[in-house]
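Heads up, there are several structures right after this.
Look at the two complexes coming up: chain A is in both, with chain B in one and chain C in the other.
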Partner chain A sequence: MENLIIEETKFSPSIVFDGEKHSLSITGKSYPENTSVFYAPVFSWLEDYIEKLDDNQEVGVNIELIYFNSSSSKVLLDFFDILDEAAEDGKSIAVNWIYEEDDEDSLEFGEEFKEDYESLTFNLVEKKPE
Partner chain B sequence: MSTDKDSLFSKERVIVKSAENLLKNSDIPLETLLGSYRKLLKGYKKLLRHATTLTRVSDNQQRKLNTLLERLGRYVSFQLFKKIAEEKDDNEIKARRTKLTVFFSDLKDFSYTASHLEGETLSEFLNSYLETMTKIVIKWGGTLDKYMGDAIMVFFGDPEFISDKDHAIRCVKMAIEMREQMKGLRKKWYKMGYQEPLHSRMGIATGYCTVGNFGSSERMDYTIIGSPVNLASRLETAADVDEIFISHETWGYINDEIICDAPLTLNLKGFHQQIIAHKVLYLKGNDNNDVFCILDEIRGENIEIDFSSISKNELIRIIKLQETLKYRAIHDLTTGLMNREAILKRLEVEMSRSERESNALGVALIEIDTLHRIEQSDAVLEDVVRKIAEIICTAIRDYDICGRFDESVFILISPGTGIDTIPCFFDRIRKSVENKKILVHGHQMRMTVSVGGTCYEKKITLESLLQAVEAALSKARKKGGNNVECIRSSIECFNKSYS
Partner chain C sequence: MLTDLYKFKQDLNRQGIFFCFSGPISQNLVSEIGSILEQKMGLEKASRSTVLRVFSMVVEKAQNIIHYSAEKYIDKKTDRDEIELRLGIIAVGYENNHYFVLCGNKIHNKKAGKLKKKLALLQSMNKEELKKYYREQRKKEPDKESKGAGLGFIDMAKKANKPIEFDFKKIDDEMSFFSMKTVI
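Up next, the complex of A and B:
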């Protein structure tokens, strides 16, 4: 299947979903004008991808958001719900919530999301300064 | 936006819709009902979970935003921050012309001081200065434009406009308060160990400026440009330490409230014509200064009375207290005469006056005979002393000075009384005591005094004079009391008696 690549803008994150490398990344800021429209292709790609995914294939999902609005939080919850269900079905999916060193707020957001999921592997990853 | 929200919750809406449709049928098989109910419950649980998480995330974000705003508020002026925060749409502050009063200040020779201070010390030093000054800017409602090192730029008249006169007056009053506060800061800095006392200088000008956002679309600066800005800055540079120079236009608005020096004519860089400037002195009257201070370093008195808050009774109490303290410092409380310290100081004054004016000066010690034999309480004995003091005071002349020397001894200074007249004069005092009956604890008693007298002679020290007069008193005492003995005070004639 084709990779999903959406360029980063001032209001929306960069999306790089690579089906061959099994690496899914959302990076940047997320407060698009129309959140559901922006994320619609993300969800349809994800549903197709999971349907075809082998159980023993390890998948890494990297989320690195410096700012997101409330609608994006809801989208993230829906997104994690799909991953959680897949994990429940036996897929090996790990979410990496990446936050900047000393960014306690971002760490707290990650902790809030992590609490909700049981099957899904949810890692809080501190980004080392380059 | 509503469509966005709708589609965000599309899955949840589908569940609600199917539940609603199901309820429309009256005849539903139990199995269908249960299946639908499970779906609804699952959806509800998920929604609850989402709502909980979203609330927490949203609260967190709001807190983050508030902290950010608070921090940001420190970097822009209070007025501008308020305007940005309260502005509903994305209206940028448009550039416009308006009359403003502009203020500049800096610390004279600060670069020199800064050059030999450590970085940490420098920032502590500078921040304590800017903190104090900024509080005054806020107090007077000025828009703090920027800090440039030790320099401060403030303007009045935007974003809040009141009247040109009001802006000018508030600005000058702010400058006067800053100058006053500098005195306190200098004391503080000196105590902290900074050697050079720093002084500020200030310049103020009024006129039309362009106010608005200047800069690029990425980084805007809300500031002002125009000739009054340059003028205020040049006036500041022209001012000497602790001086406030104001432009003639500013002066036009404030001269009925603030006293200025005679106008000066200045040649300022960037201005072709000569500029009239006024040096601000102080506020007229005491409208804004209700604090009255008495600072008497010699007497060690430091009284501060705030008339804005003090009541009449409190004021009277303070004055009375001051008077009492002053009185107690130099008087003997029993007799109302000068105490030993005060009378000896007075004696020294009289000695030097006698020396200077070649006038005679008689001095006597007057001791109450047998006071210690009266077997009564201290209070009764003090009453006897007081009554005898009253008799002595009636017997002496207006220009004689009497004081209490110790428990039972008075000292009398008699300017103008010479060698020939002292025995006779002192004897008159002795007789007046002897002749007057006094009431002691309900009993009429006659008391007597012994008097030792001398005359001041040139170049005699206070100590020698006292020795002479004490020797004379001792002599009178040895003769059985109720007696007057006079001797000369100069050492070579120490033992010669007049009587």
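Up next, the complex of A and C:
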């Protein structure tokens, strides 16, 4: 399948979903004016991808969001729900939740997501400022 | 009028407000406001968490105005293509060693009751209750009237350092003015 690539803007993150390398990355800030419109192609790609995914395939997911608004937070939950379900089905999916060193809120969000999911591997990765 | 403007600035200074915008708000404007605040707080050596929290309150409040303010300009270009600009006030200040963010916009009286109830509930909750409530609500489908996830106010209350403050001032039979303050 085609890779999904969406360029970063001031309000929306860069999306690089590579179906051959099995690497999915969301990087940047997320506060689009209409969250569901922005993320619709992301979810439709993900659902296609998961459906065609071989069992036991390892998938790496990197989430590196400097800032996300409250409606993006709901999107992340829906996104991880889909991944967790796939992990329950036997896919080996690991999420790296990458947060800035001094960002307590992002760390807390990561910890809470980690608690919520059993099948999905959820790693909290601290990033030093550049 | 010109002397009023100076008085207006003095009023803002007295309240500790260093940024104030009143008028139609767009998504682009939100991003510019965010970046100028980031620069300003960077100069003041505010912590990264603080900068991100102020940014987050400004975004949530401005997007509430963009989506819900009852005061708006409508430009009907064609039957299908409608451009809408909604108006409100956003202000940011510093007092007692804390940043604060203010917002205000018109709201229809018939919608004020429900919002007042929602905010009073958030005001009464402590940090742990707010965290729990946020996670519960995030799992639910948002209200039909919501244009987002319906989590903005809870998110602000959770990130704030003190309980949120709000006010509804009746303008006439149709409208009230809603204002809110969050301290970071």
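Annotations for the structure displayed:
The criterion applied here is as follows: the second predicted complex is superposed on the first by the 127 of 130 C-alpha atoms of A that agree within 3 Å, B and C clash if a C-alpha of one lies under 4 Å from a C-alpha of the other, contacts with A are read in each partner's own complex, and residues count from 1 in each chain.
Convention: a residue touches a chain if its C-beta (ideal position, glycine included) is under 8 Å from a C-beta of that chain, and two chains touch if they have at least 3 such contacts.
Keep in mind that this is a model prediction, so the values were computed, not measured.
Superposition of the two structures on chain A shows chain C clashing with chain B. In the superposed pair of complexes, A:F11 makes contact with chain C only, with no contact to chain B.
Once chain A of one complex is fitted onto chain A of the other, the partner contacts of A:F109 are limited to chain B, with no touch recorded for chain C. Of the two partners chain B and chain C, more residues of chain A are touched by C. Once chain A of one complex is fitted onto chain A of the other, the partner contacts of A:K74 extend to both chain B and chain C.
In the overlay built on the shared chain, the residue A:E100 is in contact with chain C alone; chain B does not reach it. Residue contacts after overlaying the shared chain place A:V37 against chain B, while chain C stays out of touching range.
Between chain B and chain C, the overlap after aligning on chain A sits in one stretch of 19-27, 73-81, 199-207 or 325-333, namely 73-81.
Counting contacts as defined above, chain A residues 34-35, 70-71, 73-75, 77, 105, 112, 116 meet chain B in one complex and chain C in the other. Residues of chain A touching chain B in their complex: 34-37, 70-71, 73-75, 77-78, 81, 105, 108-109, 112-113, 115-116.
Chain A makes touch with chain C in their complex at residues 10-11, 31, 33-35, 66-67, 69-71, 73-75, 77, 100-106, 112, 116, 129. Residue ranges on chain C touching chain A, taken from their complex, read 27-28, 30-31, 47-49, 52-53, 55-56, 59-60, 63, 66, 131, 135, 138-139, 142, 147-149, 151-152, 154-155, 159.
Across the complex, chain A is touched by residues 3-5, 7-11, 46, 49-50, 53-54, 56-58, 60-61, 64 of chain B.
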